[in-house]
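Both complexes shown next keep chain A, but they swap its partner, so chain B is in the first and chain C is in the second.
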Partner chain A sequence: MSAAFHLRLRTQPALRLDLAGITPTAMAGQDAAAFARRPLWHGNEALPLGEFFDVRVLADEAPTLVFEGDLGRCDGVGRAMDGGSLRVEGDVGDYLGAQLSAGEIRVSGSAGLLAACELAGGRLEVEGDVGDHAASALPGDMDGMRGGLFIVRGNVGARFGDRMRRGTVLIFGNAGDFLASRMVAGTIAVAGETGAHCGYAMRRGSLVFAGPPPAIPATFAATGHDIRVFWALLARSLAAHGGPFEGLAGWRPQRLVGDLSADGKGEWLLPG
Partner chain B sequence: MSTLRLRGGRIVDPANGIDGDLGDLCVRDGRIVELPAAEAVDHEYDVSGMVVMAGGIDLHSHIGGGKVNLARMLLPEDHRINRRSDNPLELASAGCCTPGTLATGYRYAEMGYTAAFEPAMAVSNARHAHLEMGDTPILDHGAYVMLGNEEVFLRMLAEGQDVERVRDYVGWAINATRAMGVKVVNPGGISAFKFNQRKLDVDQDHVHWRITPRQVVQTLARAVHELGVPHPLHIHASNLGVPGNVDSTLATMDALEGLPGHLTHLQFHSYGTEGSRKFSSAARRLAEEVNARPNISIDVGQIIFGQTVTASGDTMRQHANADLGSPRKWIGADIECDAGCGVVPFRYREQSYVNALQWAIGLELFLLVDDPWRVVLTTDHPNGGPFTSYPHLIRLLMDKSFRDEQLAKLHPEVAANAELREIRRELSLYEIAIMTRAAPARLLGLTDRGQLGVGAAADIAVYREDADREAMFTTPEYVFKDGALVARRGRIEATPVGGTHYVEPEFDRGIERSLARYSEAHLALSYRHATISRDELCSCANGGALLPCRLHGRAERPA
Partner chain C sequence: MSAATATTGADAMERNGVRVDDTFAEAFPMKATRVLITAHNATWANHAAVAMTGFATSVIACGCEAGIERVLSPDETPDGRPGVAVLLFAVSGKELAKQLERRVGQCVLTCPTTAIYAGLPAGEAIALGRNLRFFGDGWQISKMLDGVRYWRVPVMDGEFLAEETTPVVKAVGGGNLIFLADDTDAALGAAEAAVAAMRAVPGVIMPFPGGVVRSGSKIGSKYPALVASSNEAFCPALTPLAKKTELDAATGCVMEIVIDGLLEADVARAMRTGMEAVLALGAAAGVRRISAGNYGGKLGPYHFHLRKLLAGEVRS
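Moving on, here comes the complex of A and B:
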C-alpha cells in the first residue's frame, strides 16, 4: 500500500493512450503490481498500464504521481483530478488537467490541445508551450475554465481561454489568435505578443498585457475610470509570480472595455 | 440448417392468445417451427422459470437521420459521460440520450428489443436516415416519411388538386424514400413558422397557403389508407406542449373522420388549463375519447426524469421551447423547405411542477386507456427520455407501490393532487407484452414479428422471472435475433446486420413529371436522385435484408 508512485514510460505507444482516471487520489492505497494491472485504452484496445510504464513506489506519504518520459501520445493526464500532486518530466498529450478541481500538476515540457479545459480549482503549471483551445471549454460545452490557477512559461496556441468564466492565468510567452474569445469572466495576464482577433466577442473578464501592447480593435474603447485601488490589488497578486509581471504595481495602466459587439464589459489593462 | 429449442419456459405471446403457458419453443433457420420433443437440436437452452416473449418493437424512436445526428453533435458531453463498454464485440460508440448508431443497436438488443422505427424521415434526407439505421447493428428498422409541411404538398392542397393526385404524390414519396409509413408533424405548422406564424390551431389558416391543419390531416390519412399502407397516419398533432392543447388534439382526432390514425407521444398533447398554474392533466378526457374511438391508436411518449435531448421536426414548437433548454444551446434547421428540425437539450426535473405533471399524465394515459392493443410503450426516445429507461417505465406500470413511491418524490402539488394516485390498475406481463411487441407489430402490419407462432421470425427475448420488473426487463437472460443469440445477461454476443422494413404502394407514375418540374425549378437536389432504388437501399442498409411489408387488401409481392 503506497500513496506515491513513479511511472517511467518504457516505449512510445503506437496509438494514443488515454490516461484519464490515473490520478493521485484514485491510485493512492494500491501496490505497484495492482497499479500496473490497471487497464488503459490504447486506441480501441484496453491494455494493462504495465505494458507501457514501469511502476515504482516512492517514499512520499502524500498522494503523488511522477511521470517520466515523452508522454506526447498520452492524453488525459490529470484529467478530472481532485487532489494530490502530479508531476510530468517531459511532454504530454491532449486534455492535460482538464476539469482539474484540486491539487497540483506540473509539467516540465509542453502540452498538446485542450490543456486546462474547464479547470475548476487547484494549480496547473506548464514549463513549455501549450496547444490550441487551452483553458477553454471541452468540445460542445458552454463554459470554459472556471477556477484555479494556470501558469504557462512558454507560448500558448489559438483560442486560449475561450468562454473562460473564472480563475487566473499567467502566460509568460506569446499567445495565438483569438486569445480570450467569448470570455465571460476571470483574469488572463500575458507577457508576450498576442495574435489576431484578441478578445473577440469578449463579454466580461480582465486581460492584462504586461508585454508589447496589442493592436486595439474598433470594438474596444478607452474609459476614464479610476482603477487605482483595483489595480493595486490585482498587480500585487500577479507580481508574486515574478518575471515580466514583477513590475506591474508600478504602472498606471490604460483601461479599455469591449468587445462592444458582445456585452462590452470585458477590460483590457495596458501599460500606461 | 441450424435448430434450437428453448425448453420449459413460460410463454407470453398475446398475438396468439398465449398467456404464460409452459412449453418449448423451437427454431429452425431463424424461423419458429414445431419440432417433436424427441428430435435433437443443435442448441438447447433450459429456460424453466423464465418468461419467453417475442423481441420488443419500438414503433417510435428517433434513431436515424439529420436531427438525430445534430443532437449527437450538440451534446458531446453525453458521449463523454456515457463511455464505451469493455465488451470486445462492441465497437467504440457512446452516449445515452444521443447514442451513436452502434450503441443504439447494442443497448436496444441487450434490453430484449429487436426492432425500432425512426418516425421522422425528411424526404430530402431519407438516404441519411437509411444509412444511419443501416449502421445500427442487430435491430430491424424502418422509417416514416414526414409529409404535410413541404411546399409541393401544401401547394397541391391550396390549388385544390384532386385527392387522387395527392394520393399519387404520397405514394411516390413513400416509394422514393423507402418508408414504412407516413408521419405528419404539426400539420402545416412547420411551414407556417417560416411565414412568421408562431401558432397554428387545427382550424386556423396557414397565412400563405390558406389551408388548415384539419385539411392536411384529412388528406394524408385518406391517402395513406387508400394506398393500403398498414400503419395508420402517424400524427404529431398541433400545439405540442402547449397548455390547453387537449382541444386541438381532439379536433385532430375529429379530422380523421373515422379513418385510422396513430396519435404519437400523446402525453405531450394532453394538457388542460385548470388550476392556479393554468396547467393540468387532460389524460382522463383524452383516454375516454381514445376508448370510444376504435380508429385511434396511440403511443405515450412518457417522460423520464434526468438529462435528455428533444429532437423534433416541429421547428415552430422547438423554437418556442429553446429558452427552456438545459444546457442552454439549441439547433434549428431546414432542408429544401421540406419539413423542419429543432434540437433542444432538456433536463426533466422531479421538483418542477410542469415536468412532474407531464410524468403523471403519461402514466395516466397508459393506465386509463382500456385496450392495450391501441397503446404502445414509448418515451419518444430521446424526447421524453432515453429508450434505456423502458424497464423502469415497465416497473412503474406494473407496480402500484413503486409508482406511489416515485410520485411521492415529485413536486408536492403534483404528488398531492395527481389523479394518478387514485388509479389502482397494475399492468400484467401479458399487457406489457402487448404494448411492447404484439401491438406495435399489428399497428405496423408486421405479420411475422412481435409474435411466437409457427412461421414467425425467431426474434425472442427470454427474461428471468423477478419481482423487481425493472431488473427483469433490464437484463434478459437470452435475446435471439432471427434465431441467432445476440445478447446474454445484458451482454452482446453477436452483432448481425438488421433488416429494413418498408412498403411499396402503387401509384400513378404520371405524377413524376410534375414533381420533376417542381424539383428542377425550386429544389437544390436534382430530381434524378430523389428516389432510392432497391439496390441502393440494400447498400444503405449495410447489406441487411430488405423486408417489404404487405399492403392492405393485396397479395404479397415478391421481394
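Moving on, here comes the complex of A and C:
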C-alpha cells in the first residue's frame, strides 16, 4: 500500500488515452500491481494502465502522482481531482485539470485543449502553453472556471476563460482571440499580447493587462474614479506570483468598463 | 456594564500611599469582533472610527460597547493606507451583527474614502459588507482574492470597499477599576493617567467617554422600569445618607474605568497597567484608594482580584 506513485510512459499510445479518474486520492492506498491493473480507455478499448506505464512506488506519504514522458495523447490528466499533488514531467493532452476541486497540478510542458475547464478549486500550473478553450466550460455546459488558481507560464489559445465565473488566472505569455469572452466573473491577468475580440460580451470580472495594452473596443468605456483601494488588494495578490506581475503595486491603473453590450460590469485594468 | 459593590479589605495593601482594596472586578462573557477601518489619510479613518464607536458606552442601552483599540500605520493595513482598529462587544452574536451593520452602514460607508476589513483571524463569521452591498442597488461588484470576498459599492467618491464578513469571538466585558480620590482634579488625574497607560495594551477598549465613567451603576432601581441605577455606595454626596457606603468622609470624588477585552488575559493586563499608573502617581496626587466593582462573584465567571494582579499571580 502506498500513497505516492511514479508513472513513466513506456510507449506512445496509438490512440487517445483517457486518464480521467487517475487522481492522487483515488489511487492512494493501492499497491503498484493493483494500480497497473487499473483499466484505461484507449480509443474504444479498455486496457490495463500497465500496458502503457511503468508504475513504481514513491516514498512520499501524501497522495502524489508523478507522470513522466510525453503525455500529449493522454487526456483527462487530473480531471475531477479532489486533493493531493499531481506532477507531469512533459506535455499532456486535452482536459488537463478539468473540474479540479482541490490539490495541486504542475505540468512542466504544454497542455492541449480545454485545460482547467470548470476548474473549481486548487491550483493548476502549466510551464508551457495551453490550447484553445482553457478555463472555459466543458462542451455543453453553461459555466466555465469557477474557482481556484490557474497559472500559465507560456501562451494560451483562443476563447480562454469563456464563461468563466470565479477564480484567478495568470497568463505570463500571449493570449489568443476572444480572451475572456462571455466572462461572468473572476480575474484574468495577462502579461503578453492579446488577440482579437478580447472581452467579447464579458458581463463582469476583471482583466488585468500587465503587458502591451490591447486595442480598446467601442463597447468599453473609461471610468475616471479612484480605484487605488481595490487595486492595492488586487495588485498585491497578483504580484505574489512574480515575473511581469511583480511591479503591479506601483501602478495607478486606467479602468475601463464593459462589454457595454452585455451588462457592462466587467473591468479592464491597464497601465495608467 | 459597571460596578455594583466593592469590598474594602481589613488588611489593606498600600503602595505609594494608595490603598488597594482586597477585592475583585467581576466580568462577563461577551461576543466581540475587531474591524479595521482605512481611509485616504489618518484623519478620515479616525472620523469614521469615532462616529462608528459613538453612543457605544454600555450594553445597558447602546446595544454594544465599542471603542478605538489603536491607530494603524499604513504597513499594518490590508490596503496600505492609514487605519484604525475598532473593537465591538455585545451580549450576543446576533446583537453584535445588528450593531455592526448599522454602525458600519451609517458611519463608515458614509465617511469619505473609507474601506473596512475584518481584523480577527478566525471565528464565527457575521456580515460586514455582505448586506451593505445592497446599497449599490445592483451596481455593486464582488471580488474573491486569495480566498477572501470583498464587495465594491459605487459611491460618490469612487468605491466603498468592504470585506464580506468578520469573525466573532468569545470575549470578556466588564473588567473595571474604581479610583477614590480627594477631589475632582485628583480623581480625573488618576483616571486619565490610567486610561493613557491602558490604551497601549492590545485587545482592550475602555468604552466610556475618554475611557472614564463617573456614573457607576448597580443592578435594578426603586423604580421598576429601570434595570440599573446610581450606585449610592460610591457617591460622595450620599456618604452620610446611604445605608451602605464604600467611602469615608475624606473621599470627595470617585471615577471608574470599564474594560472590555478579547481575552481574559487582555483585561487582566490592562487592569494591572492602569493600577500601576495610578500607584505611580501616589497619594501625593490626591488618590486615596483603588477598588473594583463586583456582584458578589455569583453573576460573572471572570474575577480579577486587584492584589493578585499587582502581585503577578494572575497571568496577563
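Just so it is clear, the second predicted complex is superposed on the first by the 272 of 272 C-alpha atoms of A that agree within 3 Å, B and C clash if a C-alpha of one lies under 4 Å from a C-alpha of the other, contacts with A are read in each partner's own complex, and residues count from 1 in each chain.
Everything below uses one rule, namely that contacts are C-beta pairs under 8 Å (C-beta built on N, C-alpha and C of every residue); 3 or more make two chains touch, one makes a residue touch a chain.
Bear in mind that the values here come from a model prediction, so they are computed numbers and not experimental data.
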Field: Clash or fit (per the criteria above) of chain B with chain C on chain A
entry: fit
Message: Which partner chains sit in contact with A:16 here, chain B, chain C, both or neither? Use first/second/both/neither.
response: neither
- prompt: After superposition on the shared chain, which partner residues are touched by A:265: those of chain B (first), chain C (second), both, or neither?
  reply: second
Query: Of the two partner chains, chain B (first) and chain C (second), which one does A:44 touch, if any: first, second, both, or neither?
result: first
Message: Between chain B and chain C, whom does A:241 touch in the aligned arrangement: first, second, both, or neither?
response: neither
- prompt: Now for A:140: first (chain B), second (chain C), both, or neither, which partner does it touch?
  reply: first
Query: Given the touch rule stated above, what does A:166 touch, chain B (first), chain C (second), both, or neither?
result: second
Message: Under the stated touch criterion, name the partner, chain B or chain C, that contacts more residues in chain A.
response: C
Message: So if I take every C-alpha atom in chain B and every one in chain C after superposing, what is the smallest distance between them in Å?
response: 22
Query: Which chain A residues contact chain B in one complex and chain C in the other?
result: none
Field: chain A residues touching chain B - in the complex, by the definition given at the top
entry: 39, 44, 46, 138-142
Message: Show me the residue ranges of chain B that touch chain A in the complex, using the header's touch definition.
response: 73-77, 80, 86, 91-92, 327-329
- request: Give every residue of chain C touching chain A within the complex, in rising order.
  value: 38, 78-81, 115, 139, 141-146, 150, 152, 157-159, 161
- prompt: Where on chain A does chain C make contact in their complex?
  reply: 147, 166-168, 185, 187, 204, 206, 225-230, 232-234, 237, 265, 267
